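Shared between the two complexes below is chain A, which has chain B as its partner in the first and chain C in the second.
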Partner chain A sequence: MNAPPRVSTPQVLWLVGAIAMVVLPHAGRVPLWATALFLALALWRLAELAGRATPPGRAVRLALALAVAVGVYASYGQVFGRNPGVALLVAFSGLKLVETHSRRDAFVGVLLGYFLVVTNLLYTQSIPTGLYLTAALTLLTATLAALALPPGTAWPVRRQLGLAGSLLLQASPVAVALFVLFPRLPGPLWALPSDAHSARSGLDDTMSPGLISRLGLSDEVAFRVRFSGAQPSRDELYWRGPVLWTTDGRSWSAGEGGQESPPQVLAEGPTTGYQMTLEPHGRRWLYALDAPVEPPPGTQVRGDLQLLAAAPVRQRMRYEATSATRYRLPALGERQRRLALELPPGAHPDAVALARGWLAGGADPEARVTRALLLFREQPFVYSLNPPLLLGDPVDEFLFGSRKGFCEHYAGAFTVLMRAAGVPARVVTGYQGGEVNPLDGYLVVRQRDAHAWAEVWLEERGWVRVDPTGAVSPARVERGLDAALPEAVAPFAGLLLDEDSGVYRLLHGIRHGWDAANNWWNQWVLGYEQRRQRELLGRVGIDPSDWRRLGTALALLTGVPLLVVSLLLHLRRGRRLDPARRAYDRFCRALARRGVARAPAEAPLAFARRASRSLPAEAGTIESVTGAYVAVRYAPSGGDLERLRLLVRTFAAASRWPRGQSRGTRAGGTRFD
Partner chain B sequence: MAERPWRVLLRDFFGVGRATPPAGAYTVDRHRVFVLPTAQGYAFGATAGAVLIGAINYANSLAYLVAFLLAGLGLVSALHAHRNLLGLTLRPARVEPVFAGGEALFRVCLEAPGPRPAVTVAWRRADAGTARARWHEVDAPLPGAGSVCVELPVPAPRRGRLALGRLRVGTRYPLGLVRAWSPLELDTGCLVYPRPAGALPLPAPASPDPAPASGARGPAEQDFAGLRDYVHGDSSRRIHWKAAARGRDLPVKLFAGEAGQEVALRFPEAGAGGPEERLSQLARWVLEAERAGVRYALELPGTSLAAGHGEGHAERCLAALALYGARPGTP
Partner chain C sequence: MPPITGTAPATVTIMRDLLEPVVTQVSRIVLGKGEVIRLSLACLIARGHLLIEDVPGVGKTTLAHALARSLGLSFHRVQFTSDLLPADVLGVSVYDRQTGRFEFHPGPIFAQLVLADEVNRATPKAQSALLEAMEEHQVTLEGTTRPLPEPFFVIATQNPSHQVGTFPLPESQLDRFLMCLQLGYPDPAAERELFRGQDRRELLEGMAPCLGVEDLLAVQRAVPRVHASEALLDYLQALVRFSRESPELRSGLSPRAGLAVLRAAQAWALMAGRDHVLPDDVQAVLPGVVGHRLRLVDDSGGSSREGPARLLAGVPVP
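This part shows the complex of A and B:
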């Protein structure tokens, strides 16, 4: 009314705790100085509570605010955008803490906290984040509730948190109903700041030794696949990504090879339909099983069968496609043939000499391919995640020196050999294999399944996939990286576990469970966008564009849970009566049976007077019960609850039977009461 | 109060078995509860809206969920606020009469069958120096089942019966986002006595003392009988300044003839001013006579009270003065 009420010590503690909780995950995202400033200001506020500091003056706060703005500009070169915005919010929430002295300030602080919760979601929406932020929301709501208590009152922490938790729990059905039914709008309302999406891990559009093996230890999911029919066998699961045509002798890049119109794919066997859920990787290409026959709508198919989306994939993306795993690609243009034979002049002299030897030996192209694979199989080549660093000519040194390499070494060297031997060849990068989660049936492909292989052009058969890694380590293709390289079993903290051991199976089971939960979360919570909403609502017969039916459903789905909450609140009302009140109510019921009912708002003493007039015989009892009740309820000393209960019990038992009945019956009655 | 669920539902949703509150007490039922957002509630809603816009813009599913959770929190807290008032009974307690110009202290007791945290009672009163009445609010929390009484001070500028007027019992529980309130009027009033004033001396005792004619001698000429403490309304002429200088706080001179005798306090003799001034003079006389230990009778046009003495008599006399000219029927 007049001056806004001041915050109490518990209220400040709630606020500082809640704000600290939502700021904490940002600590690694904002510059160090912003975190340090927040911490310093929070501590300042706590010191002020303890009486060891005075609040900063207006001038100091203004100077700090300016310094924060300058600092953010210095750190980011701008003050708009996601990261600068979050840094500003973090620093300003610290400033808000030191200037919080009235309840109104504290309330603004809580609203800031709710906002900070959402800023966390711009970085990650994983299940652990969701759980953490749910806890943060509970703390913020508890703070809000603490601020609404009358001055001078404070509840115990558990009660305050319990109230906040139950409020959030009661609000959640409404939230879920709105979540399902609120129309989803595609696309941003206005241009997103350029840093809205951070860099993602995944394949690059170039390949050089070490780039793919770098991913070998990453357990991050690249994409998930659900097959609409039977799943092809594991050694056919080659997920095509960037196709690389050009090499400078060390690294491979896409070059100009794919700029042709898409070739005609002649399927030689059943095709496979599937739905991909691609994790954002910040690049334009999409992954597809080997040779896409029916690409997803809105995508472009390049000449080398690589799929391109209209824009870089910045959000989890779902698409459907049909592919062939046995197929023919009949055509090879003249330009493509030239590109597929090109080698940097003067590079890899030993490898080129070896391959020229095969060519001179008169073997046909297919035999030359076999010769190269035999080379990998018969020489002591080793498949390894940690190949030695190649300082000289990478291909020559690998083929004739170290002979240790990961898939990119084999694919690169093999393609060089083929080109030198006059067989058009190109490198394909992507993923190979994947793991079926038995819990939800999705095939999960992780970064560690990243792979590189080669395709060679054979006149009679077209482009043919050749995986030189399979020649060295068949297990990689048939059973995956874990089987081929036990030391690469990263998820279990580098433990070398036997695949059949109980611990391994247990950990594997946990991982499957966790992964299925994540997938469900991704598919139905995070991936709940316009299309999925349409699909789900369509299943229950609601057309999302029919606003009347949508509105009815929304009203029903939010109204019913609210009605339930309302009913529960009502029913709980009676259960919280204190024992004295319960005893007294029982006494009143007994009197009501005798014809004297207490009006709802009649004071106990007034009622006692009236009842004594109506039942003069019971006046003594009425007086002693009422006196005992009033003493228990209102006397400072507390009164004797047991005596009250005893009096009421006796009176109620006596009142159950009309006067004149035998004493024996009445005495017996008390036992049941 | 049998709190069986079905009976609660029948009573609160269909009005079955609901008794009307007895006169003077008021029990909040669901038909008379209003719920509206507070300023904080609007700010909270704006925050939820901002979160929703952010969620749409970034196509962020969990941000959608947060926005809807905040919306749900607002709705649920409205239900809680509503429920926090239901079943609350307000009953007026006895109010001590005051003199005009003072402040009436109304007392209202709240009782609830269960805990009702953060309940407030708002009433209208004019602030010092302003004529317009404004709403004031006092906390009446009921942390457990039980009762609590609050005091509502209201200025009493004029004699007569002062009504408490409209009250609002309200709550912002649990989150301060919505306010539920129920307007009510309690059958309670405060008796406001006329302000004791006037410079006329207490009339001389009547018949039992035959000697000098009443009113002919002023108090100054009477025999000094003793000292008593100052009472509001005493004339400054009667203060024994010498004794006051010696350290007694404001002693007032008492004269022989004032004790053990009977005076008649008559309306026509109470000065030459208007009726209000006369009533003020009479009130002062009543107090003076009471302090002096004199038996006194009160005679007003249309009412007269026989001579008497003591607290009860004074109260009856002052009440008669307070209600002089009021419509009959009021106590």
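This part shows the complex of A and C:
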């Protein structure tokens, strides 16, 4: 048995580099020991290459493999799932490197690398990830090419990478066609492991001091909106999220509110249609512009107008809805009224006393609302991202002590005051405002736009939105957080706030450009799901629900171009090949069928001698064909191409019938006589 | 015999028939070395010089002598030693008291076939005197240029470079030799015949030239005219390119080396009675022509059979 072909030094270097590149992004995701083990094993392989180490024996490798399995189990408590799986792969790819000595091992290593590329996508599918993984793919493909070179040859790095790049580029049209045409399923084909969704930032279904202000510095996108008509003015952009009914004196939660059937929203102005692209936040609720007249299809509308999806939003989600920014919400059930007036017994004595005073003073509900807002406006209240810690009764201490707070403080305190004053009230959380990206026209709402406000029930008008924050800091509602709170952008305050400075414009330009690119990526690459596929294919006249048509389109769009390209290549090769050479090749193929194959580097006369020795009966033919061939191809006079063709044709035809069993056919036919 | 010119098929056959007796005759003296004798003759008619690298006693001198006799060439032998001076090779001008003039006494280089024995024993100075004469086909001494006889053919021998007291020829000077061949030990049958037969020296004495100098010159002129088709040049260039791209070879073949392969292959084709070169001819002469010009990366020096073998195995015949 022949020894398997060994990998050369450059091949090992390519492989180690490529595997290291796909493992690198996992370094922060797997336990430290897995990364360290991979690094140590890769270095071991390199040391072996430099002649400074010997490869680990079978026993050592086996022990290490077992140790890895045990280590993963110890780290995660299981060996299945995304994170344990990736940790296993990272450690094992290191082990694969130290045992890679034959070319076959190296091929396995490259395939492992391709799989590691896919595992990276389980964590993030952003544009930078895509670019990085494309580079990794190029490196892996270059490694594959290096492995395919004949033994003893190596190409310069640039040529190798160039080849890999051109291979990937040639494959990309097929990949694009498959991406566009491959039938999309409504959900993922297989369920992601449960640990795939770790904590995400966003609003919670409870509100307590400090929970929303925590989001104040986060630039993460919450959702993007595209209005089908005109965009409502900024102070109307209240994005409704969870509605909170119950308080324990410190924090607010949904409690038992909102269980009634959805109320009727009476639009009092034009309605606005829009499309939302919601980033995954791991909760069931959806956001909508206050108040949704036509909720997105398939969602449940609660009694307090909160929208619920069928399942927690774990993937970027797109939906359409229509809202009215001026509306009436007339319904208030008895249970709702009770809930909307409930206060924890004995809590906030000072606030309750103040509000009871208003009630006793005989002011009507609307006047009581005004009194509360006036309180915020006239007393020295400060809007701040960093309010002092409230140790005692949070509402009393805030209203009468610190007077410094973020929106949740104001919304919470206001609702408490209203309830104490006998006005049914509730807290609404969500987002306020957003920023239009001038490049693609999408309104981008970020986590920093998270907001809380209140709704009060007035007999004549129904539920009315009251934003006490607006009373303290009108800029928050009119111009956004940056304008209201210079401290939110403190590090660059001087530069960023000067809207005329070049730096400001440059930074904003970059931010907008990057955001538009991300949005495009989300909308068209990551968000290309069943509905969008149907939309796109419908436009070109393919019905995507008919899988046969889709299959045909898929085959036509990928198969036909591939066929045409290979045909062209074949024809070009045929044209480039000399006709005498083609005839001679046919002759060689015929001889190969008889058991004498010409080596590519074998010269014609030498081959003829060898073939004649093996097939003495054909020596005459072999000599005349070879003679005719070299005469045509190498002699100055040109030789007789037709004679060569005739000789080859005859010989090839005769060779189709293997000797022995062909006798009968030959004798019976007149063709060969 | 009518003067032979050109490379018409008939002429080519005549030339083959002229050269064949030379091979036969030399083969009778140098036993069992038909291939080396043919290659030496090909080297000669391609107007190249020959380097024979081997241990003493395998018949290098005999081969050179026999070739000279068979071709009817004047023959000189120079034994290279470490104290050899350029003048010992080229000649010297001596003052003649009677005529009152300097008179040139030509050195051993003035012969049609010069055997430079153990060329790597001499100092680089003496070596370069020989190598310059080989290149230029003339000798310039004290301002006078004297042409060397035609044809002019040098067979140099050298001991394997690891032997003591040698000045190995640098690569640039190795390049002056069209071919570098090894004789090797004879096979047992040939050796037995050698032990039995007549003394080689006596046999040499009895040899008669079987080719005239004019004929030899005509053959030499015919070599470059042997047809090399586009397909063959493709093959030649593929070989050269492979030698330059292979990571196992320290440096690739120069254009001069490529031309040397072509000339040798043309000579080989002519000797086979063909008016055109085949890949077979290239493959036959390639080891002799490029063996001393290629250096493997992991090679210690000296001419090698490995390099040409890699080349031949790695390049498909187009």
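We take it that the second predicted complex is superposed on the first by the 532 of 673 C-alpha atoms of A that agree within 3 Å, B and C clash if a C-alpha of one lies under 4 Å from a C-alpha of the other, contacts with A are read in each partner's own complex, and residues count from 1 in each chain.
In this text, contacts are C-beta pairs under 8 Å (C-beta built on N, C-alpha and C of every residue); 3 or more make two chains touch, one makes a residue touch a chain.
Computed from a predicted structure; not experimentally measured.
Visitor: So in the superposed three-chain picture, is A:Val630 touching just chain B, just chain C, both, or none of them (first/second/both/neither)?
Guide: Second partner only, chain C.
Visitor: Does the superposition put A:Val117 against chain B (first), chain C (second), both, or neither?
Guide: It touches chain B, and chain C stays clear.
Visitor: Touching A:Leu605, do we find chain B (first), chain C (second), both, or neither?
Guide: So A:Leu605 only meets chain C here.
Visitor: Should A:Ala154 be classified as contacting the first partner (chain B), the second (chain C), both, or neither?
Guide: It touches chain C, and chain B stays clear.
Visitor: See if chain A has more residues touched by chain B or by chain C, and give me that chain.
Guide: Touching more residues of chain A than the other partner does is B.
Visitor: In the overlay, answer first, second, both or neither for which of chain B and chain C A:Ala360 touches.
Guide: neither
Visitor: Check whether A:Ala230 is in contact with chain B, with chain C, with both or with neither, and answer first, second, both or neither.
Guide: A:Ala230 sits against neither chain B nor chain C.
Visitor: Across the two complexes, what residues of chain A are contacted by chain B and by chain C?
Guide: In the superposed arrangement, which is not itself an observed complex, chain A uses residues 150, 153, 578, 581, 600-603, 633-634 for both chain B and chain C.
Visitor: Okay, in this complex, where on chain A does chain C touch?
Guide: Within the complex, chain A touches chain C at residues 10, 150, 152-154, 578, 581, 600-606, 630, 633-636.
Visitor: Residue numbers of chain A touching chain B in their complex, please.
Guide: Of all residues in chain A, those touching chain B are 1, 107-108, 111, 114-115, 117-118, 121-122, 125, 129-130, 133, 137, 141, 144-145, 147-151, 153, 163, 167-168, 170-176, 178-179, 182, 185-190, 192, 196, 315, 525-529, 558, 562, 565-567, 569-571, 573-578, 581, 585, 588-589, 599-603, 633-634.
Visitor: Can you list the chain B residues touching chain A in their complex?
Guide: Its residues touching chain A are 1-5, 8-9, 12, 18-19, 21-22, 25-27, 40, 43-44, 47, 50-51, 53-66, 68-73, 75-77, 79-80, 83, 86-87, 89, 91, 111, 113-115, 117-118, 120, 136-137, 139, 141, 143-147, 172-177.
Visitor: Can you check the complex and tell me which residues of chain C touch chain A?
Guide: 227, 229, 231-232, 245-248, 275-280, 282-283, 310, 312-318
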